[in-house]
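What follows are several structures.
Below, chain A partners chain B and then partners chain C, in two separate complexes.
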Partner chain A sequence: MSEAHDFDQYDFLSADSSNELEIDPLAGSGTYTVVSSLPSQVQHAAEAVAGPPIPPASGPFATVSIRCTVNGEPVEVPEVWVADSLLFVLRDRLGRTAAKDGCGEGECGACLVLLDGEPVLGCLTPALVAEGSSVTTPEAYGDGDEVSGALAAHCGAGCGYCLPGIGLTTRALLARQPEPSEAAIRESLSGHLCRCLPPGHFIDAVNEAAQAVKRRG
Partner chain B sequence: MPVSTPVAALRPTELEPAVEALAAQPDLCVLAGGTELMVLANAGRLRPGGFLLIDRIPELRGVWFTEQEVIIGAATTCADLTHPDLRAVLPALAQAARAIGSAALRTRATLGGNLASGKRLGGGPAPLPGRDMLTTLIALGAVAVCRTRHDWRQVPVAGLYARDGGVQLQPGELITAFRLPLGTGQQGFMKIGTRGGPGRPVLTLALVVDPSTRQVACAIGGHGPVPARVDHAGQWLQAHVDWEAGAIPDPGTYQTFARLVAEGLLAPLTAGPAGASTSRIPDEYRRQAAEVCARRALVRALPPSGWLEQVKQYQIKAELMRARSAVERAERGLPQAPPVPGPITGPINVPGLGALGARTDITIPAQGNGGRAQ
Partner chain C sequence: MDKPSALPGFLIGEQLPAEVAAAAPVDVVAAPAYAAVDPPADGIGKAVPAAKAAGRYPYAADRPGGPGMLYAALARSPYPHAALLNIDVKPALDIPGVHAVLAGQELGVTAVEYRGQCVAVAAADHPALARAALDAVEITYAPGEPLLDARQVFAAARRTGNDSRVAAYRRYTLGEGGDLAEPDEGESTVMYGYEFGRGADPAAAPGAVLAVPHFAQDGHGGLRLVALDLHTACADPMRDLRAVSAALGLPIEAIHLVPAPFTGTRSGDDPDLRVAAALLALRTGRPVRAEGGPADRLAGDAGTPAIRVHATHRVDAEGTLLAVRVELVVDGGADPAGAEPLLDELCRSVVGPYRCENVDIQGWVVRTHNPPAGPWPGGAAMVAAVVAEAQIDAAAAACGRGPLDLRVRNLIRSGDHLPDGRRLAGAVPLPELLTALLDTQMPPFPPGPDIRTFPGTVGRTGELTRVRRGAGIALAMVDLVPPELGEEFASAQVALTSDVNGPIVHVATSMVDTGNGQHALLRKMAREILGVRRVIVRRPANPADLPATAIGPGRTTWLHCMAVQRAARAARSQALAKIAAQFAVSPQLLEVRDGMVVTYDGTLSKPVEEVYAQVLRGAAVYVANGEFRVHGSGAPSPGVFVPEPGTAHVAVAAYRAVVDADTELHTLRPVRVTAAHDAGRVLLPERAQAAVGSGVLTAVDFVFNAQAEEIDLAGAELGGFGALGPGQFPTMLEQPELELLPFAESSIGELDSTMLRRRGFAAPLPLGYIPVRRAAYAACAAALACATRDALEAHPTRMPLRPWGVSN
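Here is the complex of A and B:
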């Protein structure tokens, strides 16, 4: 058996184990399965999506200056590259790091923020789209509310990376449907990947948050 | 309003300035939702000269119901398409939109962006994207409406692509809308994929029943560069349905139909390079998948009996949407005129046209505001 062959096998095995398809822990409908975002995978996926590098346009990076409100506070950010993501501007230019940088390609939901109240993926929304809009990041709930309380109680055993995004989705869900069915909870959380915990914890947390919000009235 | 100095980003609120800017600055990159472009940008594979944002142009977003057709603006988001009102009239479109990414992705991902995805930004070959919405639009017999500064162009959606699946838009051309015949019957969309992401699905299938013309259109995608209509299956089925009673008398009909659809995968029409992430899918698996999906879609759309009532419901809902459309648009201050040059009079009728069939473009000169009432 040649070395090359060994390498191929190793490569195949490692790719295969990280490639293992798993049912999205939070996707109830089972419409499709998602791949866990291990680094090798991300690169693999990026290649599959993007193909060979596209030669950059000549000349300087096109930049703009952006004004918007973040959690109610007006901000102005100069020299934003037109293709900078909202997530990058929030985290690296404005220091609002509660929204997390997970996969950078729309799969994991860790970067979720609200743009004029609508949930969007921070990593796939160009920052310049926020011009004149209001952005809500998980920091808006920094003091804790029913949702953060319930997530801490039920999902505290995990690393917490997915929780800020899940928190915002849960708040958006409860604003729409104060008493969501389990199917509705699964459906709305299906855009979030969690590597630490099984889905049951999140469903319990959302149910508890819903009850707590109801009690508060 | 000609644009003289290059701009880094432009976000017009009307169609005219958008096409003028594109004509003046050809290196502007059209950005609708950005869900494809930002993946490229984040990976360091895209460095645009500037962006033309088309997400704030009311003419490009929304749905118009007219006497003859449904017109959907190109920048309508996948989330918009899953709205219950639309789901009631165009269920296959709503189901296809619902199967794209996650809810937060669908708030921004658009129909036009889905069909125009996979543009070769720097030239050269690139893996084909999913373009899941295309399968449904092909089954529906949709026509794409494109606009440059001076011209309108209308082409059956399959005609937007080259033989290898590359997008064929002219320089400075925007897709403004898709025109569909008014749907008044049962529809379904199915998808089999290894992941929810932007990679190519193994199979997509859309089934569209039109009880008024007694036609069943079916399109399958995922196997080749562009989804294909399998008209022979629909034609065969036509004679095996009791349209008067709303029934399919012979239970064997479903299986035969499914087999005919799966045979469509083998038609020479579909030859071509398979997409990146499904190239490892064995043909036999895909054939079986097509058969199972086609059978299920048909059973759901036309069960053995008792669907006449359902057909009436669809007709009532379509009638209702038509009646509401203009009034609600006026009430909410939305544009009354859809972004199209006028009723289609030319020979653009799509049924029977295969995915890679002859192109029947019509070019109509744009006069000022595109010939529409202000």
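Here is the complex of A and C:
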């Protein structure tokens, strides 16, 4: 590297600099929120009007539009690639990043979301199955409920990447079994890999959440 | 509140040393978004854990790249050894939506040196497009014959005398060396060869890097690069910054490393991801996000290299260790330099925490076509512990004594010599830990009627009568200051002042908070010394705030705690000068205890609120800088703390593991792990407990995990069942119950010169997360191996365990 550094060599930015993020909040009662179009969030307005030339509307890059409900809010996501995972659509198209992208192969459970109330692994679930369904991400609960509070109190010393998914599983467990046994908790959470904290912390957290839910009635 | 520019706002010029005023931090990098969720709080904090649980904690993968963000993908070589004959990226660039493809020379790659080496990267509007682009890149390889088995490479080098593939050699001898000539009457010799596969981290989160270039008008109608923001998890910002700077050919000032929270147990993001994201961002002029996938995890992760150890131990009839001879070969992969620290540590520690006067240890690193052995912390300590404990068990069996008997008889003590000749200094509370361990109960056997408590969980146990239970005890010792260590230092600035709500302390540190409570630790340290509840710790905001030298894993915490401690004490002395005059003592001899300012002997005291109300009147500010330097040996610059020449300081742990072996179904189940640790001082119990828990989980993964085999020597057969039985990574169902005994708190205070101790201020410091985790990992893996040995009455010599597998 020469000492006189010339940053001009990195002058690659062309007309693209005028690109704007095309988030279009048409949110209103009963309408769908249309989120930026694929493949890029930076398509020129002219292109968008003329219809996106890319990707080709057939073959592996065929796209469809999806309507579903996310955390109670109706949304429409145009131009979803048929091979897109639900997790990608939630995180990258809708900006709901609470469900985490972990192993990408269904092993770690960080990407867990609820599809019509049932836990599914976002990374293995095609986005298309969400059509007409109701999707619940960890954002739906925020940190206001007992489960979040208990997880924060007992498991905050870990990296936290697995916690949102574990929170959803815990809520599903407590809905089924208000006072789960330790074995049931282990069984239920065994789909989540945590390498920061031993199981004891999670068992304590679920027990505390169960107690808190019970007290609330 | 935790703004990078908080300090200059309230500083009073005359009380600020000129050089500090000149170096007032400049807000170059916008404060990371998570500043908003990091207020002062008790323990590890409340806001950060709440944000984690709610999914709001912004890991690198969650940070918005902004308009036009592209997705990067990495292509990895399917061959371990190949020449790159031809690369054609044109077909890839023709795909609409693909913005850049860099391959071969552009990445500095001229030949493939290991399987999984990154040979091409692409940036596109969509991750699938980026992968499609890489599929379209035409690469012609000329595969060569790979060298994948370190043992064969080493044997060939010995046979032919051509040592071009032997990258490093170490030898340590004590006494007459490992003289193993004909044993005398009553002496026994045990000799075993041990093999270690590469460690696999389940890596629930394979990491992500976001690179955001910033441009400005250059005045000629064009644009020039102003800076590149690099969002990445990193343990050592300065080292990582230098590595990226070298790879990009950009000056270090042009790269702003924005530390992102850690994910999983990784020691930082994959360097391949960082370089790919940064290069593509520069090439395209757009933000680029690179996320690791399963392929990146296997190829790009730093794991322990495959290691082979041949150990011979001789004991007398009483069980006293007479001589130890060890030869070991480390597979350094394609970049063996990275394995040298591991070789050093392994050679120094392979005898374990046992006293032996005749030692001969030789070790080699060989270069192969396996992925480079990274500086993964913990590998050497774990290998050393497994070998040492297995040999002690074998020696005990050979001389007809109990394994515990041999351990107690040969236990190393402060003042004994290590194989490299250094004398062990400071507290080594192994006897205390062992005693505490032996006072605990064993889990009941046979288990109760609940089949869920059976070995291997439901459906994985045949006849209970075919289940054998084993218990094993293991000790581990982790070297804290290696002798070849270059100078490392940490610095801190502490400002004591007041606002409308009373006294407040601002701490500026060079320590990065990666989301696991590092700053909470410093907060607690400052709070304790100054007796002020409100402490705000500012994270390093720009490269100038980062430590100028890299700090090795395992020393970050206590170096920074020591720096903050010194700065806070200096600030306290300034602030208490008037009170000291009233008490007629030196300000250095005052301390704050239980809300009172007291003299060192406790004879005079005054409530701290009263004192601060007086000395902090009129927005007075007391600022002090503190730094702490450590140097392994040699001739350090003045003022540097060096451990007394020829001494070693260690962290220790004692573990007992209980393992059930189902001899019918051929499964193993770790039942309970009992842990006793010395953690230096425990300032944040939850953090120390997490370090232990994480070490134990990683040990279970390593010892029992089938998938570790997958990234064993490239080309080896994949898959197969692990010792736990058919399954994937150990889950909450397979993980053992962890019984953590109260921490012993000693040892590291010894590192802070005798002067402070003389004054009665010798509070030991926290060892930090990594040393505790490494000790836990080492001791737990060794204890699990010992327990398996006990259960099977066999001597498995391979890790990960394949007790019923092909090669034992």
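What we mean here is this: the second predicted complex is superposed on the first by the 156 of 217 C-alpha atoms of A that agree within 3 Å, B and C clash if a C-alpha of one lies under 4 Å from a C-alpha of the other, contacts with A are read in each partner's own complex, and residues count from 1 in each chain.
To be clear about the criterion, contacts are C-beta pairs under 8 Å (C-beta built on N, C-alpha and C of every residue); 3 or more make two chains touch, one makes a residue touch a chain.
Predicted model, so just to flag it, every value in this text is computed and none were measured.
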After superposition on the shared chain, which partner residues are touched by A:112: those of chain B (first), chain C (second), both, or neither? first
Partner chain(s) touched by A:62 [first = chain B, second = chain C, both, neither]: first
With both complexes overlaid on chain A, does A:83 touch chain B (first), chain C (second), both or neither? both
Should A:191 be classified as contacting the first partner (chain B), the second (chain C), both, or neither? both
Touching A:175 in the superposition: chain B (first), chain C (second), both, neither? neither
Between chain B and chain C, the one with more contact residues on chain A is chain C
Following superposition on chain A, which residues of chain A contact chain B and also contact chain C? 21, 53-55, 61, 83, 104-105, 107, 109, 187, 190-192
In the complex of these two chains, what residues of chain B are touching chain A? 8-9, 11, 27, 31, 33-35, 37-51, 53, 55, 98-99, 101-105, 107-108, 121-122, 124-127, 129, 191, 193-199, 276-277
Chain A residues within the chain B interface of the complex: 21, 24, 27, 31-35, 45-46, 48-57, 59, 61-64, 82-83, 85, 104-107, 109, 112, 118-121, 123-126, 128-129, 131, 169, 187-188, 190-192
If you look only at chain A, which of its residues touch chain C in the complex? 1, 5, 7-8, 10-14, 16-17, 19-21, 38-42, 53-55, 60-61, 81, 83-84, 88, 91, 95, 97-105, 107-110, 137-139, 141-143, 147-149, 151-153, 155-164, 167, 183, 185-187, 189-202
Complex contacts: residues of chain C adjacent to chain A: 44-46, 48-59, 61-62, 64, 66-69, 96-97, 124-129, 132, 201-206, 208, 213, 215, 218, 222-226, 249-251, 254, 261-265, 282-286, 291, 293-294, 297, 450, 452-453, 515-517, 684, 686-687, 689-690, 693-694, 696-698, 701, 728-729, 731-733, 735, 737-738
